[in-house]
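The structure under discussion is supplied below as structure tokens; questions concerning it will follow.
As written, the chain order gives the labels A, B and C, with residue 1 at the start of each chain.
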Amino acid sequence: MGTPTLIATLDKVSYMYPRSPEPVLKDISLEIYKGEFLGVIGPTGAGKTTLCLTLNGIVPQFFGGRFFGHATVVGLDTLDHPISTLARHVGTVFEDPETQITATSVENEIAFALENLKVPREEIRARIPRVLEAVRLEGTEKKHPHELSGGQKQRLAIAAALALQPELLVLDEPTSQLDPVGAQEVFATVRELNRELGVTIVMASHAAEEMAEYADRLILLAHGALVKTGTPDELYNAVAYLEANDLRPPQVASTFSLINKAGRAVPKIPVRLEEGLQTLAAWRQKAQLHVQPPTAFPRPRIPSGEPLLSVKDLHHIYSNGTHALAGVSLDIHKGEYVLIIGQNGAGKSTLVKHFLRLLEPTQGRVLVGGVDTRTLTVGELAQRIGYVTQNPDNQIFNATVWDEVTFALKNLKYPREEVVARATESLEAMGLLAERDQHPLALPKGDRARVVIAAILAMRPEIIIFDEPTTGQDYRGAKYILEISRKLHASGKTVIVITHHLYLMPEYAERVIVMGKGTILLDAPIRQAYHEIELLNSTYLTPPQAVFLARALGDRHTYPLLTPREVAACVAGQPIEGEI
Amino acid sequence: MSTLTLQTVERDSFFTHLDFRPKLFMMATITIVAFVWENPVMECLLTLAVMLACLAVGVKFSYIRKLVVIMLPFDILLIVTQGFFAEALIRSRTGQTALTPLFTFPAHWFWVGGASMSVEGVAYAMNVVFKTLTMTLVIPLGIFTTDVNTMIVGMVQARIPYKLAFIFSSTLRFFPLLFEEIQSIIEAQRLRGLAFETMGPVKRVRVYAKVAVPLILGAMVKSQMLEVVLQSKAFSGSPDRTYLHESRLGVGDYILFAFFALFFVAAIVAYFGWGIGRFGKPVFINWF
Amino acid sequence: MTIPSGEERKVKFLGGAAIDGAPVAYIVVLAAVVAALCFIPFSVILALGGSFPIAQGIFPLVGWILGPIAGAIASGVGRLIGVFVAPHTAAVPAVSVWSAMVGSFSAGVMKSEGKRKSWWLPLTIFFILEFLLFVGRAIVQNGVSPRAAFAGSFLDWSGILLFALPTRTLAARWLRHKNIGVVAAGLFLGTWMIAGVTHLTAAMITYFMSNWPEDVWVMLIPIIPVENLFRCLVGTVIGSGVIAGLRAIGIVKPTEATY
């Protein structure tokens, strides 16, 4: 093997956006080699996107600002060559599948950059089927982007980038807005491009398990600085270090690191599931695996009495003919914490929208507190059921945080003292009282989400629904919102969460409803539901790695374990204290 | 959200294969002629011609009926007002001092007693009805039969600056997304307990209009992302680029051009030369 | 601030593609906003005798955000797409598109600064010509009494007057005021004058087509101003929300923006 070929270099690169007082990138030196898969990890705000945009010259040529050091791609200095020249060598894929597709058909999307670069028509015609094949979208040339799923849109964006025949493909969180199927599609495509076609990949992502699986090398950014470089094994090994940087290691790494901490020496912490399973198998073979069965978990409470929310044989057919719900029946009792999972299109949001009468049943009934929702208005239901949807910015109408939180109360004609009392209480609970006079949009995204939650809590609903609160959030952001849900639950509220991030939920949810094709596939306590691996797989859901590790612990027993801590305690034979 | 793209006819006709440029020319010509004419019979013939053409190229009859139904209240208002009050207008057009009554309300009727609806007034109103219908119908005729790509290439070749053609096509791409966003914003408003039924009109407008605020702000934030995307695709707005699709004028296109050029010249010459197309000229009016 | 160790480089700031100082991407998204809002009728005021798509309330705002040329393009393309996708949303398609463009253009011209200090003048002359054609045709050709014609075109001539007088630049200055209450006043005044000249532009053409009789002129005397009050209310509510929001987000202002 010869010396690896350099594709791109950063030499002491620092960068400040025009109005930012501090550098967003600080003294970054980095070499990227031909054919490698380089993963970029770091919490939100660490500078991952800026680093990606440095590689194609958009930083600083498009944004302006101050730039220090040197960046080159295939030998071209990114400041001395126009962005259009660099675009021939660096293909870029962004986070949002919607915004990055600008054309009205698949073939036009692929052609767009080529047309801009004056590639002859015949050449464009020849490249389109080639790149569509590479991302497995053959035959979709004439389709409108609207007809594609999220995963297909991202693959189209990859195809469009590939059409430039770039030496380097940069992907900035390409899966964070996708459902699990879409994310799998994108990861599989990128891996194939890298392994089969030798495309050099730079990819920023929060998906730790996948990064450990696919990346050759990782760099960790924190506050704009490159703080660590190494193989996934080297980086994800350092569990405590990652956590100090608000990052989540793969669960298999957390598990073995905890086992190690509990006194059982693990010479090499595995970071990929396969290796973890092999380690356990090897221990067992050598009769070194002495599993301490967990003390019985408290039995899930069987709720009794009148359900708070009741759905009876619910069907919903959209005006375009989609049968979104096909005979759903369900009871939710006061004080439950329910998790609803399933792919996009499984009917999750359609179901919860019926609770609020945002959709009317085509057939069947929905009862809230024993009352048929058809006799209640959306406004009345909204006072009992708070619904926090994914994009906080679609839910902000007012020019100050205070107006936002009092907006509903004033509309509901509460007396002034009541409005003030409730809004103050709600803002205090969200830690936003000091921001009451600010414009909500001047706050960071996580705070904006809390403004919306505060506004909904001010109505004092009994039930609170969080619809994909963790999508597009980093680990810290996601945990923050889930902690709010925990507090609400502890105070007696009924909580319903819809999310694709199964690994986040064991500490919170009690009951899981798995949906697929408009029906309920499973309704069970979380310890049972997460272990129904075949059923979950049948709808393309994958339980967290800890579940697979738990199942590898015993031949005859299935331990209903859900988290790295539980698995580690079982293996180490003792409860494990402290941070993880 | 199925209808929020440009509609296209299912029928593959001679017309769907034409270039966009002669169609643009056709739309402009028909619109101008319909605007200039005031003669109800000629306007009616023009409307019928356009309507038949629409049906021939595959625009659904149900769609045309929908257009007519939507315009009906406006049309009725027009017929009533012109029917009863067109005296001064008709005098200025034909010099008539007495109008031909169609019917007269009995004199003892409250308020409307003695009022008379005139043939000429109704005829004038029909001219306006057909005029607006023609102007609306040329759009499905020209647009529903044209593929978006052909439209954009046609625009570029018709010397419309590339930046404009690009704005047109990207707007087509993005507005359905924003339309969906409007739905979710309206939902979010309703979830804040808004009950429009119980609000006064001013308050209702104030609250309802707020739908646009997050929509516009969200769009502006997205636009920054969009700019970065465009940059990474080497977009400069310069027309100096290649095009995947091409569009050449064929025989059919030239025939269409020639036909509408002739039609336009003939209509204008006849109108200004002999007054053909003016109200009451030729005297088709007596046919009513 | 930490001192970067790399050598500071000279940054050639290129920016993106723009039309008249407004980034193409801004124009695209605002055109898409206009197109989407063409489908939202203002049903709440239907009872008052007229309904208009909410898009009408933002044509001036688009001009104030993007400047006259880019604003006219955004509104024009947006309305054009509205018309193409759903021809039934406009009584006379060409007029809807044209008046949308005139609305945003005139709004963008209001601030009257720099090289464009005198753009308002030819525009005012154009509006006066339109007015003469409109009301002149009514009085001279169609025998409408001058009284009814002037009362029925109150919105139109008040729009021209407010646009021709220093109220034009006053409203523009208010739009830039720190206090959002003053901005709202500017929005109300600005929307009234722009809606006035926009209405004139549309009415002049539709009147050529339909020549409505005097009785309709009389009937319109109270309706048009009331309807326009609501349009101004819409413009003010949306405008103040959007301008406050744009200031909070700190989005780069197009060079010809008024707000």
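Heads up, the rule we're going with is that a residue touches a chain if its C-beta (ideal position, glycine included) is under 8 Å from a C-beta of that chain, and two chains touch if they have at least 3 such contacts.
Quick caveat: nothing in here was measured; it's all calculated off a predicted structure.
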item: Most widely separated chain from chain B, with each centre as the mean of CA atoms; value: A
item: Inter-chain pair with the most contacting C-beta pairs; value: B-C
item: Length of the line joining the C-alpha centres of chain B and chain C, rounded to whole Å; value: 21
item: Distance between chain centroids, defined by C-alpha means - chain A, chain B (Å); value: 45
item: Euclidean distance of C-alpha centroids - chain A vs chain C, Å; value: 42
item: Residues within chain C bordering two or more other chains; value: 16, 241, 245, 249
item: Overlap residues in chain B, where contacts from two or more other chains coincide; value: 5, 170, 172, 176-177, 181, 210, 213, 217, 221-222, 226-227, 230-231, 235-236
item: Chain A: positions in contact with at least two other chains; value: 62, 83, 397-398, 441
item: Complex interface listing, chain C residues touching chain A; value: 1-2, 4-16, 180, 240-241, 244-245, 247-250
item: Footprint of chain B on chain C - complex, ascending; value: 16-19, 23-33, 35-37, 39-40, 42, 44-45, 47-48, 54, 57-58, 61, 73-74, 77-78, 80-81, 83-85, 87-88, 90-94, 141-144, 205, 208-216, 230, 233-234, 237-238, 241-242, 245-246, 249, 251
item: Interfacial residue positions of chain A with respect to chain C in the complex; value: 11-14, 19, 21-23, 26-27, 60-70, 79, 82-83, 397-399, 438-442
item: Touch list for chain A against partner chain B, complex; value: 53, 56, 58, 62, 83-84, 87-88, 90, 92, 94, 96, 98-105, 107-108, 111-121, 124-125, 144-146, 160, 319-320, 353, 356, 358, 377-380, 382-383, 386-387, 389, 391, 393-398, 407-408, 411-412, 441, 455-456, 459
item: Residues of chain B that touch chain C when the two form their complex; value: 3-7, 31, 35, 66-67, 70-71, 74, 78, 81-82, 84-89, 91-92, 124, 128, 131-132, 135-137, 139-140, 143, 163-164, 166-168, 170-172, 174-179, 181-182, 196, 201-202, 204-206, 208-213, 215-217, 219-224, 226-227, 230-231, 235-237
